[in-house]
Amino acid sequence: MSEEEKERREVGAGLMEYSPENLVPFGPVHPSLKEPEYFKLILEGEKIVEVHPRIGYVHRGIERAAQDRTWVKNIYLFERICGICSFAHSLAYTEGTESLTEFQIPVRAKYLRVLIAELERIHSHLLWLGLVGYWTGFDTLFMWIWKDREHVLDLLEAITGNRVHKSFSTLGGVRKDLTPALVSKLEEETKFITERVKYYETLVHSEETLVSRTRGVGRLTKEIAERLCPVGPLLRCSGIDRDVRKEDPYAAYEFIQPEVKTSNAGDIESLLSIRLAEVTDSCRMISEALDRLPEGPVRVPFPRIIPRGDAFFHVEAPRGELFYFIRSNGTPKPERVKIRTPTLANLLTAAEMLKGRPLADVPVVLTGIDPCFGCMDRVTVIDVDKSKKWSVSGEELRVYGIEYYRRGAGKR
Amino acid sequence: MSKKRIGKALGEMFKTAMEEPVTVKYPFGAVIVAERFRGKLDVDPIRCTGCGVCEIVCPAGVITMVPVGKRSIGQREIEVKKPVFDLYTCISCGQCVEDCRFGALALTNKFELAVFDKGSLIMKKALKVVQ
Amino acid sequence: MIEEELSAMAAELSGKLSRVRKSFVLQVSPEKVKDACQHVSQLDGYYHLSTVTGADMGDKISVMYHFWKGKEFVTVEADVPKSDRHLPSISSELPSALLYEAEVKDLLGVVFDGNPLMGTRLLLPDIYPEDAPPPLTKEADPEKIRKMMELE
Amino acid sequence: MQLLQLLVFPGLTFFVWIAFAFEWLERKTAARMQGRVGPMIAGPFGLLQPVADFLKLASKEQIIPKHSEKFVLTWGPPLYFAAPAIGIIFIPVIGNESIIGHPLDLLFVLFVLAFSTLMASLLGYSAAGRYSTIAVGRLVVQYTSYEIPLILSVISPAILAGNLSLGGIVSAQSNYWFILSAPIGFAVFIIASLAELEKPPFDIPSAKTEIVGGWMTDFSGNALAYVKLTKNLSYVFLSALAVTLFLGGPNGPVLFHQIILQYVMNTIYFMVKLFSVGFLIFVVKTALARIRIDQAAELFWTILTPLSLAQLGLVILLR
Amino acid sequence: MTLKDWARKKSIWVFDVNAASCNGCDIEILDAFTPRYDVERIGVVLVPSPRHADVLLVTGTVNAMMKDRLKTIYEQMSEPKYVVAVGACALGGGVYKGCYNVGHGVDKVIPVNLYIPGCPPRPEAIIFGILKLVTGEPPDPKEEE
């Protein structure tokens, strides 16, 4: 090992110098973030004064790559934006592209899309709920929920062929059909999940140590929500009743209506109950979809060239409104695809919710918005409070051996 | 909403401890993989005609067509190409299987693919059969 | 109802209103963007700002502000010439646009005057070459950029 | 002979093996209650898993961060290990007397408890990492909050026995256990032990989702192996203390008149009680979420301190 | 087999780094620690700091932001250390091959001991990989050549 390398490794995790404020790096590689993302926290004792996220650790350049690939290849590319809500991405992209043409997609395919989307919502919410246990040090809850989540993953694998990246929705319909065996398995498992969720509902509202970590933590008021436009459960926990599935139905959501649950508390506990209620509701929607599932083909042949035009399309991903803007110029490749993922919309709100909270709340609140940085891979430094100065740029310090942070420059 | 209490999870904990653990036997026993599971890509060298459609549709750039020889059709002599699969970067999406008109490609349910040498994941099976 | 209001607004701001399926597109000149967005956001209660999109259309860059409520999108569109990529920022009125504008700046080089995030790099890596064009413009070549960042 | 006793049985070596067994029991209990299997392939039922962990860590390279206090990081871990290792030999295991008893050894044991936390803070601070610095801050806050209820709860059995030596307290319990007259003291002692051991809900100084590895973030190799072993040994030490103070130590029905056989029986009684207390701690730990440092301080100052004071008053009345 | 080798085979502490992946692989890695797959059976523990770890699990296309950080994390691990690349992206860029901010493989940045392909690999595949790493089977013969 060379001297330079040795020096680097020893400097590594140590602390170089103290900055005037107590600065704590949160990430980019941190045990409570499953993905690299960097949050610069400025503390007074244990209290957080400012939060400055730096995004871009997962930036890959997908939007650019989409312009150079064909319409069909892009399905698989967009699906791999995120490993949790992968189906929401492929659903938004395929439905958006189909809306540019005159083709009629079989109704059965639309129902199947709803089915998988709801299964994915269950898996995503359960994953998040398990992680709430993980962040609050309640490993038992984490293990139990992930144990039950396996049932959903089994279903997804049995129907689509993969646990994570489903590759199910395609231009012109869906790639696989249901079999009678799968239908009965689906019914059985949704019943099981509903049953388990009932237990977790009582547990998260009654286990005192857990409640003390979630109740009243990160208050989000309606006024702030209207200003900062968060989406999904975060918006609904502030009391605003807004769900794309209900307001602007896509796929088969006209026929299978969701029940939108809101809460006025605006804290992490209300997020828990909203997400759990959505899981129960998704189970209901799945059995409803199975009851009404029409017969027929699941796929129609689709052209490789899409007519010229713009499509604005959004779906309700597990984390909230996922927006796609698709512009076609009549060639085999899209002209521009813009993706706005729910986490980007929610990040400002999370930073606002964190201010004035103790350090111990960071993982709970920050991850309470259910961030999915793989989706987002864009953005930076935020400070909503207008009286504060902006601080960015100028490298000074290596933190946790991995991170440079930025400050100086730019005023409001 | 039920009453707040410390140790609410205790009952369920003991219940779980009494039950059989859900853990799979895997490394010490067989594993059941779903029928539709998309695992390792496999090619049938005899059916493959070297048309090159798979190379065009593959989203991950797994497939490259390499020339393996020449063949004469009537007066003309054309170059015969066969696919080489860089399976290490394959995403098992199945688009090539869908678009192969000759049924030469298939996704198996093999998943135990860990290797010490990346090169051994390059599949050159299709090159051997040249008519 | 909304269509009437929007066309009145279009007349007032000397813009052009068009309809794309169930959505409306309001084209205005770059100076009027701020007024248009403010009007749209106050239309009929709470209009939610979905995102800000930039697209390279050859000689110009079109910047779109997507507002959503109920079943329709209202998009405010402005074209910025490539030689002078400046737009007024709407972030003082609609703070949720902060990050969206910053993203457009990073990926297409459109500077939003008044947005506090303009002085910093947001999404692109620190070592993204200064002399390379923004990645989403037509001039940018992914292969070349990768070589410049020594990712090979 | 006494030296042999100190080093082998019932001294250090014996308790180090118990410490490994405790870690195995902890992991296995948590695993089974979470519906998993837990360690399985290292030795029968994975019994040797903690040993494997220890040996592996000990055989690894140790990195000392450049900006840390090298002297402390080199010599600190053995000293940290010494704290519970010395404290534990005062615990009577085979009879009413420990190997090297002293009329005031309870005080020494309390000193050892404080010394262990002090060493942890010193080690964390010397590593000079951001996370370890925060962790040390939390450690000290937590220490100042749990120390008073802990000591108050330890005083109750001493008053009941009218004696400040562990041997005397054990002898005084030959008829009835002090848990009967000081149940609140026992509960407070267990809760404070959880805090001392940094186990949920008080694993605040080593919360991995907040401050990475806590004060152990920058340790590696040999040092980490000793720190981990010390934590397990403290586990055994505190459980043994609970057994000694409240559960009658090695006391139990006398079955044999032969002295050697009775020693064996006493050891068995002691072990059964020790593992029961350990199991109790594991179960509590598995069932709870981590609380915040301010909540922990509040809990200890406003609830547990008055409770242990009340227990003390009750004990004085009883006496 | 010496005692040291035995201990190293039975106790494997891993640290997981997401170097710009879609987090599908990371979820599958985390999944391997949960009741269904429970890799604690074979002595695998997820540790919070790279200094405690023996094995570094790297997922994702190492992009420009993560390149140096990945190197630093690798350097902070104490010897003996192993690197396992998990998923198609970490092996060769996967579906993102050719994007402007994507490196083609972890092995271009740090030395890799074992490759686990798949998008994402099943938890079983990850268990198989880890076991293969510690038992050190000889490299398997080239695919029918």
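Labels for the chains are A, B, C, D and E, by order of writing; each one numbers its residues from 1.
Definition applied: a contact is a pair of C-beta atoms (placed from the backbone, for glycine too) under 8 Å apart; a residue touches a chain by one contact, two chains touch by 3 or more.
Note that the coordinates shown come from a computational prediction; the quantities given were computed from them, not determined experimentally.
**Q** Note down the smallest number of touching-chain steps it takes to go from chain A to chain D.
**A** The distance in steps between these two chains is 1.
**Q** Out of curiosity, which chains are bumping into both chain C and chain D?
**A** A, E
**Q** Taking each chain's centre as the mean of its C-alpha atoms, which one ends up farthest from the centre of chain A?
**A** D
**Q** Report the inter-centroid distance (CA atoms only) between chain B and chain D in whole Å.
**A** So the centre of chain B lies 51 Å away from the centre of chain D.
**Q** Find the geometric centre of each of chain C and chain E from their Cα atoms only, then give the gap between the two centres in Å, rounded to an integer.
**A** Spacing between the chain centres: roughly 40 Å.
**Q** How many Å are there between the centre of chain B and the centre of chain E, using C-alpha atoms for each centre?
**A** 19
**Q** Would you mind pulling out the distance in Å between where the CA atoms of chain A average out and where those of chain C do?
**A** Chain centroid spacing, chain A to chain C, equals 23 Å.
**Q** List, in ascending order, every residue of chain E touching at least 2 other chains.
**A** Touching at least two other chains: 34-36, 38, 41-42, 48-49, 51, 63, 65, 76, 94-95, 98-102, 119, 122.
**Q** What are the residue numbers in chain B that touch two or more other chains?
**A** Chain B, residues with two or more chain partners: 6-9, 13, 16, 21-23, 59-60, 91-93.
**Q** Touching at least two other chains at once: which residues of chain A meet that condition?
**A** 9, 12-13, 31, 56, 59, 61, 64-65, 68, 76-77, 80, 140-141, 143-144, 147, 150, 165, 207, 209, 377
**Q** According to the definition of touch, which chains form touching pairs?
**A** Those chain pairs which touch are A-B, A-C, A-D, A-E, B-D, B-E, C-E, D-E.
**Q** If we count contacts the way the header does, which residues on chain A are in touch with chain B in the complex?
**A** Where chain A meets chain B, its residues are 69-70, 72-77, 80, 140-141, 144, 147, 150, 154, 157-162, 165, 167, 175-176, 199, 202-203, 205-209, 211.
**Q** Please name which positions on chain E make contact with chain A in the complex.
**A** Checking each residue of chain E against chain A gives 17-28, 30-31, 34-36, 48-49, 51, 60-61, 63, 65-66, 69, 72-73, 75-76, 94-96, 98-102, 119-120, 122.
**Q** Would you mind writing out the residues of chain E in touch with chain B in their complex?
**A** So the residues of chain E touching chain B come out as 35-38, 41-42, 88-89, 91-95, 97-98, 105, 107, 112-119, 121-122, 124-125, 127-129, 131-133, 139-145.
**Q** Could you please specify the touching residues of chain B with respect to chain E in the complex?
**A** Touch residues, chain B against chain E: 21-24, 26-27, 31, 33, 59-61, 86-93, 111-125.
**Q** Considering only the defined contacts, which chain E positions touch chain D in the complex?
**A** Within the complex, chain E contacts chain D at residues 3-4, 6-8, 10-11, 13, 34-35, 38, 40-43, 45, 47-49, 51-52, 54, 76, 78-80.
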